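Labels run A, B and C following the written order; every chain starts at residue 1.
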Amino acid sequence: MPTLKKFTLLELTKDLDVKIQGNPDCMITGVSPVHQAQAGHITFLTNPQYRKYLPDTQAAAVILKPEDAAECKVTAVISANPYFVYAKIAGYFDSQPEVTVGIHPTAVIGEDCEIDPTASIGPNCSINDHSKIGARVVIGPNCAIGNYVTIGADSRLDAGVMVYHRVNIGKRCRLASGVVVGSDGFGFANQKGTWHKVPQLGGVEIGDDVDIGANTTIDRGAVESTVIEDGVKLDNLIQVGHNVRIGAHTVVAGCVGIAGSTNIGKYCMIGGASNFAGHLSVADKVIITGMTAVTKSINEPGMYSSGIVGAVPNYEFLKNNARFHRLENLMQRVKSLEAAVKEMTERE
Amino acid sequence: MPTLKKFTLLELTKDLDVKIQGNPDCMITGVSPVHQAQAGHITFLTNPQYRKYLPDTQAAAVILKPEDAAECKVTAVISANPYFVYAKIAGYFDSQPEVTVGIHPTAVIGEDCEIDPTASIGPNCSINDHSKIGARVVIGPNCAIGNYVTIGADSRLDAGVMVYHRVNIGKRCRLASGVVVGSDGFGFANQKGTWHKVPQLGGVEIGDDVDIGANTTIDRGAVESTVIEDGVKLDNLIQVGHNVRIGAHTVVAGCVGIAGSTNIGKYCMIGGASNFAGHLSVADKVIITGMTAVTKSINEPGMYSSGIVGAVPNYEFLKNNARFHRLENLMQRVKSLEAAVKEMTERE
Amino acid sequence: MPTLKKFTLLELTKDLDVKIQGNPDCMITGVSPVHQAQAGHITFLTNPQYRKYLPDTQAAAVILKPEDAAECKVTAVISANPYFVYAKIAGYFDSQPEVTVGIHPTAVIGEDCEIDPTASIGPNCSINDHSKIGARVVIGPNCAIGNYVTIGADSRLDAGVMVYHRVNIGKRCRLASGVVVGSDGFGFANQKGTWHKVPQLGGVEIGDDVDIGANTTIDRGAVESTVIEDGVKLDNLIQVGHNVRIGAHTVVAGCVGIAGSTNIGKYCMIGGASNFAGHLSVADKVIITGMTAVTKSINEPGMYSSGIVGAVPNYEFLKNNARFHRLENLMQRVKSLEAAVKEMTERE
């Protein structure tokens, strides 16, 4: 294992808007969850359920809100947003492999490419003609980049990312392994019972600061481009159909499917395993809870849900499932009752 | 960007069953959606909602149905199936990278392979022993092909496709990046609490004209083969279990899961995010709407659905979800009411 | 095709706890399903529905339970667990490509790696610094392994598997093509509307005898590691979020999503396309039926379900779906009826 990392609390917090209560020179050697904090580590407290661990923590320092500072017997890093402060501090302890600048000799580079000399192109990659790779971009092993692709400065593609032709990726993006960007949208015209491919002529436009999780797929547009705006965060195994637009700073959890031409607004939060039908429009600041089936446009901000959630013992489920399939019948029986009771009441 | 493509309308339609109203020699330089048609472009009209854009279109030509021709002030390409005509014309404007025939020097080819001299094998590919690659087949970068594989003429594997041993792929197929064909089916025998792998001895048989979307997985059969018949179109992130058969010309949208040994008929349409239990049989010409859970065989053509769709405000959902879990109780209450009303009626 | 494999029944069963009724020296040349058994093949009978095929089977031998032996006119291999015996015998007929020991010349190996001389590293792989590859490990073509990774003896990574840094994989594991292990968990801290990455400092710990299906993704932990215990079997296209723990000998079918920090017990069986919210705890020996949405912890063994399953004709579905969205209203009407009937009864 590599040498232990070690920083004073002051070094770790020098660019952050925090107040330190205690010893700013204490040495920090790692991070821990609050309920398992180890000596020399820094931890954070955001969830009130974990406050009980605070008095006895072994941590060297705890990042917390002003209202929790009084209870903290070790050094406290006080912030209105402890999780954000934690995110910035944790970056110092990241153990990602160091990057070797330059083009690995096994990489295959096409004609007329512009590859910034500070970029790193890993083993067994290929980059097709006319593509531009920006400053400090890292392309991991076994990536394949099509032609006329641009990748902005400081973006990072992990091993095994596949980018088709005519895709633009912004700055500071991160694409995890197995991501596919620019595959053909699912478009077929039926002629006498057989399906004929509709060429997918659009591209994919990905903004700055976009994260895309492992094995997520983003199809190219049919005519115009599929668009992922700045700051969007996509988790793993998400399907983004052709001509979809996802608005800036929207987060989408894993296993979500978004059918073609659906337009999701900015600052939305989409729960895992939700699915969107095609050609819908979802307003800004919409929250979709997990496993929701969105089949109509949503025009107002708010929290939306569908489906049946909550696993119950199978025998209960079987009864309720059967009842569901006869809900219409139940309704008719209630209507009959209503009519009978009304008649009786009127007769009295 | 590469040179602009440019064709006369006559060139574009020469093999198509269309009637031209207007100028067959007009130059076409691209395609546009009907509501954003640009000068020099060709567009198409199929959705009646977009008919309002027809009178003012800037397009050079519009592909449309006979009944819409009268309203078209620019050149019209008249067809009973405008979307199919569009699909064929759009092919002229496709900007896919040109293919370099031959085997890239970084590709690793096994023994006793037959690779047609017109095929293209991309950088960093490997093809294992005894495999046959047909005429004009294109295998993109970073593909790995197992042994005893055959790939028929004019098929195309995009970058990063993984094909296991003893898989047969027909002619004119297209496999998008990240597709896996021939991985082991999910078969384990339990012996005293631990699971033992059941060897998966079958292969995968893929017919002609099959499209498979990005990161879709197709498992090999347990004893017999998994079969995808001619003309099937699979979207992205679909799971096809071992011994599944999908009938000819069936289309399956993204994020669908098909458990082992299920047999789906010909000319079916399967909506996105639907799931099929194993060992089912689905008739020909069945339509399954999106997000349906198919747990029993379907013996008749028609449109089938399940689940709860339609996202509603979360507070409504929570109430209905809770009610659902007490549906059995609701039914019992209705039965009591029915008995009470019956008794009262009889007493009168 | 390669030479036909051929064994006597005695050879095939020599390590198995079985009783042979008939000819132990009969030659076996392959396996078949019971309803399609071919001459010279061995087959097995576990499902009572297939017992009808037993009297007329063309198979050379049938693996079956004691109670079925009397009806078997060919050689019978009698076992309390015929499917397990089949699994072991089928292994003799597996046609997986032979493995070439050693490091392929196109593979790129980092510094300070320990690669057992009996391991096989395929074409166009890369292994980053300080990683350890055990005895008889097989790494297929186009895999990328990060630094400080360990892979235990007899494990196998098929083509195109991506393993990030600081991941430990046990012995006798098998990872199918497209698997991603160790990608960053989905953690972002919101500061003034934009999302900031929370570094994912944990690793992934995978036990012995773990199988992972094609294109499944397993994220690394946020601080501690994501853990997959011994004997776990994961199917294709599963998402395992950061800090998840899956207990020993649990099986998970395809298309399942497990959100972060959820803890699934040992000896569980999780049906396909089920989804788990985050931070849940599921007891040992829990069975979750397919397509279930698990949103609360489950503390007792048993079979659990949710959702609406069973596709019905679309017009029925539409009615029931609409009724569901007015369940609360239906309940209120039933309550009114109950009040009315109660009043009438009391008045009488």
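Convention: a residue touches a chain if its C-beta (ideal position, glycine included) is under 8 Å from a C-beta of that chain, and two chains touch if they have at least 3 such contacts.
These numbers were taken from a predicted model, which means no experiment stands behind them.
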| item | value |
| --- | --- |
| Given chain B and chain C, the chains that contact each of them | A |
| Same-residue or different-residue interface between chain A and chain C, half as cut-off | different |
| Cα-centroid distance, chain A relative to chain C, in whole angstrom | 25 |
| Numbers and ranges of chain C residues touching at least 2 other chains | 106, 124, 142, 160, 178, 215, 237, 255, 307-310, 312, 324, 327, 330, 334, 337, 341, 344 |
| Residues on chain B engaged by chain C in the complex (per definition of touch) | 106, 108, 124-126, 128-129, 142-144, 146-148, 160, 162, 164-166, 178, 180, 183-184, 186-191, 193-199, 201, 215, 217, 219, 223-224, 237, 239, 241, 255, 257, 259, 275, 277, 287-289, 292-296, 298, 302-310, 312, 316, 319-320, 323-324, 327, 330, 333-334, 337, 340-341, 344, 347 |
| Complex interface listing, chain A residues touching chain C | 1-2, 31-33, 36, 81, 83-84, 86-88, 90-91, 93-97, 104, 106, 122-124, 140-142, 158-160, 174, 176-178, 209, 211, 213-215, 231, 233, 235-237, 249, 251, 253-255, 267, 272-273, 290-291, 307-314, 317-318, 321, 324-328, 330-331, 334, 337-338, 341, 344-345, 348 |
